[in-house]
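Two complexes, one shared chain (subunit A), two partners (subunit B, subunit C).
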Partner chain A sequence: RASSDGKPAKFQPPPKPVIIDKKKQRAERRFLSPEFIPPRGRTDPLKYYMERKDMIQRRKVFDIPEFYVGHVLAVTTADPYANNKSNRFVGICIQRGGKGLGATFVLRNVIEGQGVEICYELYSPRIHAIEVLKLEKRLDDNLMYLRDALPEYSTFDVNMKPESRLEHEEVPVNKLQVRMKPKPWSKRWERPKFNIKGIKFELPESKMQEAQKWSKPWLEFDMLREYDTSKIEEKIWREVNEELKK
Partner chain B sequence: MMPIWTKSGKKHAVTLLKVQDCHVLRYVSKEESGGKTAKLLVGGKNVSPFSKPESAYQIFKEAGVPRKQKITTFNVTDDAIIKPGTPLYAAHFRPGQFVDVTAKTIGKGFQGVMKRWGFKGQPASHGQTKTHRRPGAISTNKASKVYRGKKMPGKMGNIYRTTYGLKVWRINTKHDIIYVNGCVPGHTNCLVKVKDSKLPTCKKYNTNPPFPTFFADGDEKLPEDLFDEEIFQFTDPSVTYT
Partner chain C sequence: QGLLRRSVSHSFLSFASVTEACQAIQKLTRVRVVDNSALGNTPYHRPPKCIHVYNKTGVGKVGDKILLAIKGEKKKALIVGHKMPGPTMTPRFDSNNVVLIEDNGNPIGTRIKTPIPYTLRQREGEFSKVLAIACNFV
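And then the complex of A and B:
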């Protein structure tokens, strides 16, 4: 090849190959289930250690998938009063509560016009399977406001097919703003105490201003409420991973 | 407190009790103590020996044991006497036994009559003048005195109380932990006295305990965890109904 002025082109070295180490990328995404993190208190850490041993033991036998609030799950439990002795419920996870072995999650769905919420215990031996049907995080940690939202936001098809799992990529965040039923609601969701970002408030400006009267701007600077869990999380993450590999 | 599941899928709440450095301190014979049975003094939890004068821990020196935070007495028959200085472990109890647990309740300080004794008080409105949580009348006209033991405001809590008939679900021999059904008096990390149950309905479950106690240097090698038969162990597959 010759350049435009007739001289031979200067030697351009080929671009250096960029090696993307996929293993490193995978390791950077860490998920520690929130019930492993011990709450702040004066209990002996030995108690949390014994509970963690039991939780890991259960996870070795029964696979509990990684899920957040906003995922759509299908849970099969053993039911002595059902026909097949088993019961399958599909719903969106609106809340994850409890620490240790008593950790729970609440699934919500609207079946034949009736809203149904079931609170399952993660480590209960009656649970046979937990499948993640739809992966998406929402803007909030607590979707209790779906009770006062229009029912279309809580209905999910009972025979939904499981979505294919993205290979170790970020869990997508659904920035859906939910429309609500007319007031009164079960809780005053517009108040800053709940800090909800996933509702499209169609209230007049005066009501929104009045709700800001209950704001507590000093709360985020309160040093006594600080609970830095990063070091505890790392220790527990290492411990859990080592035990699960055995 | 922790949840525990049985093989039928039922959930029970369980308290964890840790046996921390328990040693037998002294044997008091029946004649010496003046009671119906012989007594054994047992000490719990090790504590620094420098906060009290040397005369205070004569018992511990005789037994050859570091200073303990609490000393309790157990009434013992003559065939269950143990030599002073032997350590006591959680394996002294077995799963399936029933147990009584004694401890000092959480202190609530000076409390009024509604919280302390559960009185109903008076209505909040309808003309009540400065009277909403008061005891009201304390005696009748004919008695013309207040009886001894009348329920009145005072210091509540911080007294010894016992819960009877608690089932032992599981024992961890490595960390000396007893998993006991239900709740136990006292705050978290408080010292607690655990005895075999005195209830007559629990006598048939307390057969064949390790007698007089479980000796760690003996021939018996126990596994790390001892479970009751009905407990769902997490190594088993999930519970199904047929």
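And then the complex of A and C:
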């Protein structure tokens, strides 16, 4: 554009593009640890309220990261019989169980050809640090079938470097299909009761059909077994967040 | 590799199933010898089996002494890991591990490569020689 003087116009930079950060616009991703959700039953909710207060107290002092089944964690615990009094174990989380203060998680690793599993209590004062080394969810909630899988799927390097991670990204799902050792297995994982999607079954079709004999298709429609936790989760989420911000 | 796949011979008589570990180590459990002794590592047509547990109850946990029958001989051994889950924070192994030992407590092998639980260090007096030859701890 020519200016009023007739001289060439002063360079005007193009207007800055407006960056709409969709991540912030998207609802903040909520993760409520599964041990906060009370199980279905007739116990007094006061008991769960008191447990939650203690759990929040512990979380204020010690940071428990968000993790799912399938993450690779490194846990340092206090051990009176180890050198330096502390003991570090790296493994993949295969199961998260228990509610309230007794919540546990089981880590598995194969060291020197020997499979080792350790069940840790999340809120135990003996735990010094939990680091998340690799973040990935798996197709199942329970990876107990790794005991019958080939050992390469449970081996993780003890000196693995922790992976960096952006705060608001979705946790990636690893759709790995694990290959198993020859049968017999500790449990019949092909049966529909376990509903496992993460195994590559190399069994003949006749065996897979036979396993379907034990399927109970009516279970998913059983209304007495329904336990809708969405409202409870909302309440507990608000309560926990308020307490943690104090 | 020491993985014993339990194979049941399909003769016309046997419909026996082979059970996994229910309790920890007791009489007639097949164990895996983890040190590098000659007696533990030479192959034999029968796996080493426990024939007696030196305990008030007949069930052996980590740190108990047992009597093994290996290659037609009787030998004492120390349990260093079992498949049964123990107290929380203690490791649970995928096989019943055992270290061959003399009557006075001296281990027969010279090195133990498989990981040993730290809880054995509690009884440093009895097992000092076994702990001395262990390489990895869990």
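As a convention for this text, the second predicted complex is superposed on the first by the 218 of 246 C-alpha atoms of A that agree within 3 Å, B and C clash if a C-alpha of one lies under 4 Å from a C-alpha of the other, contacts with A are read in each partner's own complex, and residues count from 1 in each chain.
One rule holds for everything that comes next: a residue touches a chain if its C-beta (ideal position, glycine included) is under 8 Å from a C-beta of that chain, and two chains touch if they have at least 3 such contacts.
These numbers were taken from a predicted model, which means no experiment stands behind them.
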| item | value |
| --- | --- |
| Side-by-side fit of subunit B and subunit C on subunit A, or clash | fit |
| First (subunit B), second (subunit C), both or neither touched by A:Met50 | first |
| A:Ser186 touches, of subunit B and subunit C: first, second, both or neither? | second |
| Touching partner for A:Val116 - first (subunit B), second (subunit C), both, neither | second |
| Contacts of A:Arg126 with subunit B and subunit C, given as first, second, both or neither | both |
| Touched partner set for A:Ile19, first subunit B, second subunit C, both or neither | neither |
| Touched partner set for A:Asp79, first subunit B, second subunit C, both or neither | both |
| Which superposed partner A:Met223 touches (first subunit B, second subunit C, both, neither) | neither |
| Which superposed partner A:Arg42 touches (first subunit B, second subunit C, both, neither) | first |
| Three-chain overlay, closest Cα atoms of subunit B and subunit C, distance in Å | 10 |
| Subunit B/subunit C common contact set on subunit A | 79, 121, 124, 126 |
| Partner subunit A, residues of subunit B touching it in the complex | 2-3, 5, 9, 11, 16, 18, 172, 175, 177, 188-189, 232, 234-242 |
| Residues on subunit A engaged by subunit B in the complex (per definition of touch) | 41-44, 46-47, 50-51, 54, 57-58, 61-62, 78-80, 85-86, 100-102, 121, 123-128 |
| Subunit C - residues contacting subunit A, complex | 1-3, 5-6, 20, 34, 81, 85, 88-95, 97, 113-115, 118-122, 136-138 |
| Interfacial residue positions of subunit A with respect to subunit C in the complex | 77, 79, 81-82, 87, 89, 104, 111-121, 124, 126, 147, 181-182, 184, 186 |
